[in-house]
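The two complexes that follow have chain A in common; it is paired with chain B in the first and with chain C in the second.
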Partner chain A sequence: MSLADLQPLMLGLIVACAALLLLLVDLLLKPSARPTLGWLTFAILTGTLAASWLLPLDGEVQAGVWQGSLWTTFLARLMLGAAALAVLGGLDYVARAWPYRQGEYYTLLLFSLAGMVLLPGCRELAAFVVCFELMGIPLYVLAAFGKNENGRKPAEAGMKLLLIGAASTAITFFGAALLVGLAGSSRFVELVPYEPGPLHGVAALLLLAGMAFKIGVAPFHMWVPDTYEGAPTPVVAFLSVAPKVAGFAAFASVFLVATPTLASTWRPMLWLLVVITMVIGNLVAIPQKNLKRLMAFSGVAQVGYILLGFLGGVEFGAAMMLFYLAAYLFANVGMFLVAHAIAEAGEGEDIVHLNGLARRSPWLALALLMFLLSLAGIPFVAGFWAKFYVFTAAWRAGHGEMVLLGALFATVALFYYLGVARAAFVNKSERSGPVPVKRPLALAIVVCLLGTVGLGAWPNPLVEAALAAVQGLY
Partner chain B sequence: MIAILLIASALFCAGVFGLLTQKHAIGVMIAIEVMINAANLVLVGLGQHKGAAVGQSFALFTIAIAVAEVVVGLAIVLLLYRSRGDVQVDEAREMRQ
Partner chain C sequence: MSPLLMAALATLGIPAGLTLLFGVLPMLRRTGKPAAILSILGATSVLGIAGWLFATWLGNPTEVIQQSTAWLVQAGRPLGEVGVRLDGISVSMLLVVAVVAWCVQVFSLGYLSDEPPNGLGRYFTYQSLFLFSMNLLVLAPDLMQLFIGWELVGATSYLLIGFWYPKPAAAKAAIKAFVVTKFADSGLILGLLVLAAQTGSFAWDAPLGTGVAEVVAGLLFVAVMGKSAQFPLHIWLPDAMQGPTPVSALLHAATMVAAGVYLIVRADPIFAAATHVREFMTQLGAFTALFAAIVATVQTDIKKVLAYSTCSQLGYMISGLGAGSLLGGYFHLTTHAFFKALLFLAAGAVIHAVHSNEFEDMGGLWKKLKFVAIAFVFGSLSLAGVPGLAGFYSKDLILEAVHESGDHFALAALLLTAGLTAFYMTRAVVKTFLGQMSHAAEHAHGPGPSMSLPLLVLLVPTIALGWAAQPFATLFGKPYEFHMGTVGYAAIGLGLGGIALGYLVYGVGALGFLPRLFAPLGKLARSSLMDELWQSVYEIGGQTPSRAAAWIDRYVVDGLMNFLGWLTIVAGQQLRKLQTGDVQDYLYAVFGAAALLALFGGWR
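Let's turn to the complex of A and B:
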């Protein structure tokens, strides 16, 4: 095997090498020069993102263990974009809050990202679980980063993510072990026979439960609100998007590629999970007072909508899932960065701290409004097309009842999203003067805003790219 | 083969029981380890039964991953102990007033 054979893995390898490089650079830099580490990470991420258009990334590695295609490249771009935005938005905070641990922070983030970028292409179960854990384990540490401040409890957040994550890993392992043991092979194509037995069904359900934990599907979502509330906000901006993109890619690999013959077992369960997720996510979000906690339950509800695309058949549904993830990326990272900007200004993380934002910082309030509208699915921002397309996919697949339920709960969601907007636009504040926002953070918010509005105005190029990307899933 | 599956399932269920009943963070992590070892037992046992080496080699990966997870886990438990003075899982709920 020569180095050229690894060409399709290039994006993941660049990120992993960059993580190691950062560790070394961290040792060589003087403490006062450490803030450059953040800029270096940002440069590497944007460089890798640009490289995804320049390098040839298609092809098999090791006779089909890893399969590079438009599918893996599309997902890698989403993850790299989310990571770049989260790093840019958190630059000043990380330099101020953990001046001596910046190297560790960015190294962990890049290692997790390397696992994510490599995950969608895995076509072999051992490589798959290794990438899955490479993604997960650094996230436990990132969530626990920092001290108690501003009502946050990072250690508690990290421990909840860890215990639930490790338990879901154990469940996934048991399912995977059953499949590998029965098949005598760990290749996805050989994993399930054409006529599966009952044990295969048990294994598929174990895998479904284990992976549902990771992406925060109700009723396996208990860790989501505590982790989002307790962890540092720039970490949450990353944690709430990139691992979800990777998680859905993993879902597609396991259920559409490896176990399609078991569909009669996992499809009814998935249908049930989507219903529970939409109901719980939307209803529990209504009484929330903390903005990050509200966003956590909103995130649970959004996962329900994304899974709807999954129910909506293989090709069209999976493509619309990709589009939804892209729209969700910009709106969700943007929301957390706005929340971060407000918390950074010494206010707090509750919805009441948004009071009077429109009068104090009109641009920040406008960005907030656009993100909220996108998450709620109001026409002419990205989220509307995302919801519209997943509903179309579900309708075409004959899940009319889900479309009805989804539309109903989209109305419920409007209620709590507009509750946040009302705080910013209608309520009065005792404070006055604009909210100070650091330059990099402002730039990241502007990029999210452009993405949200741009995808709302011109969804077609991305839809076509998503449809093309799905062809590479097999 | 049936015997292997029965023993492994019993072990897995014991782990799940521990996961649901343990109040101490270390106890929960031990329960998770038991569950992962049930998976290892299935891998090695069924691999032997089928005569395929893939089960054994897969088990090596799961063991390594489990170790990495425990190392990070104990570090976080230690962090929580320093900030709170105890690591009872059911009492770490300061965010849900």
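Let's turn to the complex of A and C:
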């Protein structure tokens, strides 16, 4: 095997090498120069993102163990974008809060990202599992990165994520082991026979349970609110989007590529999980007072919608899922960054701390409103098209009942999203004067805003790109 | 992309960019004059581009350049096309809009010189928005984009009529204009829906069956009646005169109200197939022309005279289009745009000088405002259809077409209107510029250069555009040959007769019984009978169901919704208890759910 054969893996390799490089640079830098690490990471991420258009990334590695295509590139771009925005938004915070651990922070983030970027292309269970865990383990550390700040909440956040993550991994591996044992091969294409037996069904649903944890499907979502609330906000901006993108890619790999013949087994259960997820996510979001907790439940609810795309047929549905993820990326990262900006100004992380924002910082309030509208699915911001497309996909696949349910819960969601908007636009506050926002954070918010509004005004190019990307899934 | 397309996009981009700039930079907008200059520079560049495009098309009249892209693709099917379509029609209309808009913006600089900077900036923001919206409408490649432009010009019309919104009459007039035209626009939406359902697109040249064409054309025409102020939906236009006079010239005389006529010209393939709708158009247009002309003879407000005259002339255009003369309707749109804008701006100069719209505050202004008087007189003569001036040629085309269509009622009404038009314009000229000077007129001051220049510019097409009917017709792809028929001579006779009669009655003071004869008519016109009629229609037809619906909404729907809302909140609070915070519980949930799933997998 020559080095050239690794060409399709290039994006993941760049990110992994950058992580190692960062460790070295960190050793050599004077403490006062360490803030450059954040900029360096940002530069690497944007550079890699740009490279995704320049490098040829299609093709098989190791005779089909890994397969690069438009699908993997599309997903990699989403993850790189989310990571770049989260890094940019957290630059000042990281430099101030953990001046001596910046190197570790960015290294961990990049390692996790490397796992994510490589995950969608895996067509073999061993590689799949390695990437899955490479993505997950650094996140446990990142979630706990604040350690003793904020009343030990970060430690609790990391711990809960670790314990439940470990349990889920065990379940996933058990399912994977069953499949490999039955098939005698770990290649996806050979994993499930044309007429599967009952044990295959058990294995597939164990895999479903394990992966449902990663993307926060109810009832595997319990870690989500505690972790989001406890973990540092810039980490959450990353954690709430990038692993989800990877998780959905893994979903697609396992269920659309590896076990399509088991569809009659996993589809009804997935249907049930979507219903539970929508109910729990939307209803429990209503009484929340903490903005990050609210966003956690909102995230759970959003996952329900994304899975609608998944239910909605193989090609169109999966493509619309990609579009949804892109729309979700901008709005969700944007929301957390705005929350971060408010918290950075010394206000706090509750919804009441948004009071009077429109009067104090109209632009920040406007950005917040756009993100909220996008998450709620109001025309004509990105989230509207996202919901519209997944509904279309579900409808076409004959899941009219899900469209009805989704629309119903979109109304419920409006209640809590607009509750946040009301705090910012209607409620009064004793504080006055604009909320100070650091330049890089402001830039990241602006990019999210542009993405949200831009995709709303002109969704076509991305829809077409998503439709093309799905062709690469097989 | 070809330079022509780039140029067309620039006519959209420049005003849109300026609007955005003024919108997001309040500091710039509030400077007033600099913002105005910037807006005028934008309008000047649009004028230059439009002129260049027009010159290009004069050299190659039949060329069609269309570039559009699918907009808002939903599940593979686009909602419509957005882009630009350049052909003889759109390019000439673009030039008309650009010329009048430029004149009006320059004129406004002088007219609104007393306005505080903040207001001036707001005014020019709206002006730029209007220019963008109108160009969007004119360059539309399909009815979808035309509709967007249509609604946008409606919105700017609302904003500009209500520009002096602290004045209750202005605010009321703005709302009235908005509501009436919006009501009519429902026809456009329905028409577009029928069209899209039948053909799957919003193109105006898709083949339609006769029945469908009648339905679509009929629905579109309802919107035209609103926008182009046809009876009985004309009621908003006289009130719209509450806006600043340059606005009346641009929106409510030259361009926006003509959008309805433009729509018919654009959607000609649809209208051509709808014979019944066209017959109705001929008659309604003729009736509106006559009705509005009669009402115009008794108005005491110079702007109201011109407003009713606009209704009347739009009726002419609609009637001509109904009779099948695309060229006539469209050519009259063009000449009317220039001479009516000239009349309005000249009237604006008079109003600026005497600070009143009423004839009783004018009189004898010839001595003070010589140039304005010359402009106004030429505008009036052109409108009255005096041979050699622009209005004569375009009006003649319409009369010939209606004559050929064999609709005697319409022809009679239009000919009578020609006489009445000459009569009321003579009356306006005499009351404004001749006779006894009023107190206000004695203190009148002449217009500044920024107000005189647009008058001079508009004088040129007012006089000479008729001589260019030949190249204009080639641009339109129609043959044109000027000839005088019986109808033409009759129109000339009636026009000159109207002028003579008007001078006799109001200038010399002879035939005093005539104004007395009109007096009850004036009372009737001022009694706002139509408004009250609409009011009662609205109350009976609109409010009764609304009240019933409101009752159901309050007691049935709200009750149910409140219950559901309560249920949702309580459910949320209960479900929240599942989230205990104990990691043991979470693990039970994970393992339990996984075990259940696995069981199901094995059972299947």
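Note that in this section the second predicted complex is superposed on the first by the 468 of 474 C-alpha atoms of A that agree within 3 Å, B and C clash if a C-alpha of one lies under 4 Å from a C-alpha of the other, contacts with A are read in each partner's own complex, and residues count from 1 in each chain.
The definition used in the following text is that a residue touches a chain if its C-beta (ideal position, glycine included) is under 8 Å from a C-beta of that chain, and two chains touch if they have at least 3 such contacts.
Just so it is clear, the model here is predicted, and its values are computed rather than measured.
**Student:** Under the stated touch criterion, which partner chain does A:Ser185 make contact with: chain B (first), chain C (second), both, or neither?
**Tutor:** Once the two structures are laid over each other on A, A:Ser185 reaches chain B alone.
**Student:** For A:Ala176, select first, second, both or neither according to whether it touches chain B, chain C, the two together, or no partner.
**Tutor:** Only chain B; A:Ala176 stays clear of chain C.
**Student:** Contacts for A:Leu20 in the overlay, against chain B (first) and chain C (second): which applies, first, second, both or neither?
**Tutor:** neither
**Student:** Under the stated touch criterion, which partner chain does A:Asn460 make contact with: chain B (first), chain C (second), both, or neither?
**Tutor:** second
**Student:** With the two structures laid over each other on chain A, which partner does A:Ala144 touch: chain B (first), chain C (second), both, or neither?
**Tutor:** First partner only, chain B.
**Student:** Between chain B and chain C, whom does A:Met159 touch in the aligned arrangement: first, second, both, or neither?
**Tutor:** Touch partners of A:Met159: chain B and chain C.
**Student:** Taking the superposition as given, does A:Ala167 touch the first partner, chain B, the second, chain C, both, or neither?
**Tutor:** In the superposed model, A:Ala167 contacts both chain B and chain C.
**Student:** Would you sort A:Val412 into first (chain B), second (chain C), both or neither based on which partner it touches?
**Tutor:** Touch status of A:Val412: second partner only.
**Student:** Answer with first, second, both or neither: which of chain B and chain C does A:Met222 touch in the superposed model?
**Tutor:** A:Met222 sits against chain C, while chain B stays out of touch.
**Student:** Taking the stated contact definition, name every residue in chain A that is touched by chain B in one complex and by chain C in the other, in rising order.
**Tutor:** 159-160, 163, 167, 171, 199, 225-226
**Student:** Please name which positions on chain A make contact with chain C in the complex.
**Tutor:** 159-160, 163-164, 167-168, 171, 198-206, 208-210, 213, 219-220, 222-223, 225-226, 264-266, 268-269, 279-280, 283-287, 388-389, 392, 396, 412, 415, 459-460, 463
**Student:** Over in the complex, which chain B residues touch chain A? Could you list them?
**Tutor:** Residues 5, 12, 15, 19, 25, 28-29, 32, 35-36, 38-40, 42-43, 45-47, 49-52, 54-55, 57-58, 61-62, 65, 68-69, 72-73, 75-77, 79-80, 82-84, 89, 92-96 of chain B touch chain A in their complex.
**Student:** What part of chain A is in contact with chain B in the complex they form?
**Tutor:** For this pair, the touching residues of chain A are 125-126, 129-130, 133, 137, 140-141, 144, 148, 153, 155-156, 158-160, 162-163, 165-167, 169-171, 173-174, 176-178, 180-182, 184-186, 199, 225-226, 229-230, 293.
**Student:** Once bound in the complex, which stretches of chain C touch chain A?
**Tutor:** Within the complex, chain C touches chain A at residues 70-75, 565, 568-569, 571-573, 575-576, 578-579, 581, 583, 585-587, 589-594, 597-598, 600-604.
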